[in-house]
Amino acid sequence: MTTVNLQLEQIKERTAESMEEMWVNMGPQHPSTHGVLRLLLKLDGEVIRECIPYLGYMHRCHEKIGENRAYVQIIPYTDRLDYLASMYNNWAYCLACERLMGIPVPERAEYLRVIIGELQRIASHLIWLGTFGLDLGNFTIFMWCFREREMVLDLFEAVSGQRLNYSFMRIGGLALDVPEGWLADVKAFLEWFKPRLPEYDRLSTDQIIWQKRIQGVGILKPEDAISYACSGPVLRGSGFHWDLRRDDPYSIYDRFDFDIPVGESGDVWDRFWVRRREMEESVKIVEQALKEIPPGPVLSPVAKKLRAPVGDIYSRVETPRGELGFYIVADGSERPYRYKVRAPTFVNLSALPVMLPGYFIADCVAVLGSIDIVLGEVDR
Amino acid sequence: MAADYAYVALFLIVGALFVVFNIDILSRLIRPAKPTPVKLTTYECGEDPIGSPWLRIHIRYYLFALIYILFAVETVFLFPWAIVYRSLGLFAFIEMVIFIVILLVGLAYAWATGALEWV
Amino acid sequence: MALNFGRWTSGGESVTAEEILQQIQGRFGDEIRTAEVRREEACLTIRADRNYEICRFIKEELGYDYLNCLSGVDWPADNEMEVVYAISSLKQPGKIMLRVRLPRDEPVLGSVVPLWGTANWHEREAFDLFGIRFENHPDLRRILLSEDWIGHPLQKDYQDERFVPYPWDDRKPGGVARPTTA
Amino acid sequence: MVSPGALDQFYALFEAWGIPWIVPRLSIMLGVVSIIIGFISVAAMFLIWWERKISAHIQARFGPMRVGGWHGWAQSIADGIKLLLKEDIIPKNADRPIFILAPMVVFASALAAYVVIPFGPGLIVQDLNIGILYIIAISSLAVVGIIMAGWSSNNKYAALGALRSAAQAVSYEVPLVISLLGPILLVGSLSMTKIVEAQQYLWFIVVQPLAFLTYFTCAVAETNRLPFDIPEAESELVAGFHVEYSGMRFAIFFLAEYANMFVVCAIATTVFLGGWQGPFLPGWVWFLIKTFFLLFVMIWLRWTLTRVRVDQLMHVAWKVLLPLAFLNLGVTGLATLFL
């Protein structure tokens, strides 16, 4: 294809015209692009005038693979989408299949899914906070966040035997019940974790440099947020009081009492502060779920070879990064006819070109960090 | 007087030679040298650079340089003044206040016109 | 300046999927091939030539301004390509599944980028993986695959020697031909 | 370091043997230079190890624990050997002579600053009468080297880093110099030894706290340390001006950075903390204790603070530190006049 080359030719011509503009490749091999994202930036001095993202360095035919695997076999592949929130991907995919096939989920499994999902949200936001601090030049908060994230990973290892790609959920419930004493461990973790949040604040929120770095930077206007269909903390940072856990309830989220943090101006600070407070809300949800969890089975009796009825479904959940949707077309066979992932960070990232122009290179790093991209999910 | 600076010259020369010794003699003996065309390309995050980095520098950078030169010249004047300050007394103080105030007015002007904003 | 949308704050009365369907049918009766209500969703199949007008009607007059997803589907059995828009809103309940069927040998469709910025990358992805061309798209080039890639991998008859197919072919007769290894 | 009389006898001995006068003098001088270079190398290695340990403990981990046994004390030596063994890569498009020259400029200027550092009473290589002016002048040479490195690399990140470095250096030079003028006003001399001797009864940090704060802030900026490390800013410009440097050339930049850190902290010790003055212990011990305490503060700042943005950096220099430094100078002037 010559389209890209053509564009490069045009860029070169324009560069020759104006000696003051500079096109810089940021990524794929760059410490702050969170993987192998490539941004082509047009710089005027240090100010960004234009940003063209290039994706696909980690494309691995996720959807084509999905069309050629049985419904159950896809679960391990969903781990690799957003590898920082694998549990939530499993859940989103299983939920889509359950909705498509009309499979019920036992009560205890729903509670465990909520507990695990919210722990995953905490872990995912922790790694985000750490790497965001790293982008801003604060290394220490990265290590502090990883300390607590390791504890969550320990909890997940206890239930699934894995630390990153769990494949723990099944269509119709969970693979296994949690081991004895695990729920008490979760409770102990929450008790440890709650006083840690003010500690992070001392390294981040309370620092005037941190505040000045991210306030009023990378503003995403509400109309842009809607137009680009942003979701999750990016959407909430722009002032929308919107969370699928409450507004399009799935699983048993309607039984819990939690707040939805919302930003005001849509700058990096708002997105940061929304995620920061979401961790507190997740703690609240897990505490409520721990109180109410009933005994019972964790997996509905399901056929070994699952076949979905002819039809299609678009099913969405609120992952730590936003709206993860699975669009599945079934033709009655044991594998999906079409399997499309609506990845939250793919969609959120598409709004980056409207957020960046007019800010400095240093802000580019902060804005990109505030979107919280995971390239495994963007490139699929 | 000039002999005092023999050490300065020697330090500068030895400093440069130390670098040459380390890089071009000591390290050369023991390090590998296997250049490949790819290895010798310019790093730009793994992509081919577009255009040259040697381009015209924005005029704003020169504003900082100009303001700096003003103040650098001022400090050159300030050092001898500071040494003889005690012996000159009030006269020195008033004279320097006038001098500094003129410069500070210049700074205030640069501040007000936005010359101190980074591009 | 928090917009602070509560749950479905617009208007107060909730619109049902049937009413959505009626409104669209009242306006674009001729354009609509099929219409049904399924799981609280208004599902529509429309003709290709006026998809932009229908989308604009849905966005601006019905107020469904949030394009969740845009995906292509290949139907070689019908010799057709399909583009599916999943549309919803942050202000009101209800979802719309809008399908457009295109001829498979000439899949061309009007772009909805002027309505939804998010359609930009979704349409590029559909172009990349299915070969569906979107007219008036500002920057229609490959997004996930490298620019020198040949073919569109999510077409059902796409072949690649590195591609390992599903071991059991249980597709029904009349379905898709099984992808073969070279 | 030795009494002048002994040195003269030493020189006379050589003259008696008919050896030209320059030989004994030069050999003594070379000996002094070697001692200083040895000191810089050891101090830099220690500082690197120390920084790694401090940062590790700030971050709830251990840092190097294996090389050499006790708390990985030999880690820096191992790293140095590794860097010696690394391939030296000079990009094809780089401006080769300037690329090679840049580390020399940076290191030579860092080394030359040690000429006037008073490690103890009499323990000074050459007590220049314009000592503090000299040290300011010579240490700003390093910026020339940094600009050379960034410009000659023919790399956009390096060029941006060089530009940032130039702007940063010129901006912080002014408040740094003016904040040092307050103590000079009190002493009436630029000689480092005289400045220390003037603080026999009272450290200048007590009478000049504002000057100390502005000086130390500027010093952190001059050495390109967090929160002012924007010329290298690894998360934005990858490594800034030295992104194309590898192996021993990179190591020289690294060494020079730590040597410069020591210099700015030594100036702060001399001018504000009473230099070698202190009870019981020998003068050089006191000097090292104070300097390493300030170095600890620098390391502590680095691992706690967030990096400032380049426009904020300029803002701080011109609109906060410069007025403060002038205020301090004016108040000091008035006070000296009327008290």
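Letters are used for the chains, namely A, B, C and D, taken in the order the chains are written, and counting of residues starts over at 1 for each.
As a working rule, contacts are C-beta pairs under 8 Å (C-beta built on N, C-alpha and C of every residue); 3 or more make two chains touch, one makes a residue touch a chain.
Values in this document were obtained by computation on a predicted structure and should not be read as measured data.
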Does excluding subunit A break the complex into separate pieces, and if so which chains end up together? B, D | C
Counting contact pairs per chain pair, which pair wins? B-D
Roughly how far is subunit A from subunit D, centre to centre by C-alpha average, rounded to an integer in Å? 45
Take the average of all CA coordinates in subunit C, do the same for subunit D, and state the distance between these two points in whole angstrom. 63
Calculate how many whole Å lie between the centre of subunit B and the centre of subunit C, each centre taken as the average of the chain's C-alpha atoms. 59
Residues in subunit D with touches to at least two other chains are numbered 156-157, 238, 310-311
Touching two or more other chains - residues of subunit C: none
Provide the list of subunit B residues touching at least two other chains, using ranges where the numbers run on. 44-45, 49, 53, 61, 118
I'd like to see which chains touch which, written out pair by pair. A-B, A-C, A-D, B-D
If you look only at subunit D, which of its residues touch subunit B in the complex? 29-30, 32-33, 36-37, 84-94, 103-105, 107-112, 114-115, 125-126, 128-129, 133-134, 138, 151, 153-159, 163, 166-167, 170-171, 173-174, 177-178, 181, 184-185, 188-190, 238, 243-244, 247-249, 251-252, 310-311, 313-315, 318-319, 322, 326, 329-330, 333-334, 336-337
In the complex of these two chains, what residues of subunit D are touching subunit A? 55, 58-61, 156-157, 160, 164, 226-227, 229-230, 233-238, 303-312
Sites on subunit B touched by subunit A in the complex: 44-47, 49-51, 53, 55-56, 58, 60-61, 118-119
Subunit C contacts subunit A in the complex at 1-7, 38-39, 65-69, 71, 73-74, 84, 86, 90, 95, 97, 116-118, 120-122, 129, 140-149, 153-154, 163-166, 170-172, 175-176, 179
What residues on subunit B touch subunit D, complex-wise? 4-8, 10-16, 18-20, 22-23, 26-28, 30-35, 37, 39-45, 49, 52-54, 57, 61, 64-65, 67-68, 71-72, 75, 78-79, 82-86, 89-90, 93, 96-97, 100, 104, 107, 111, 116-118
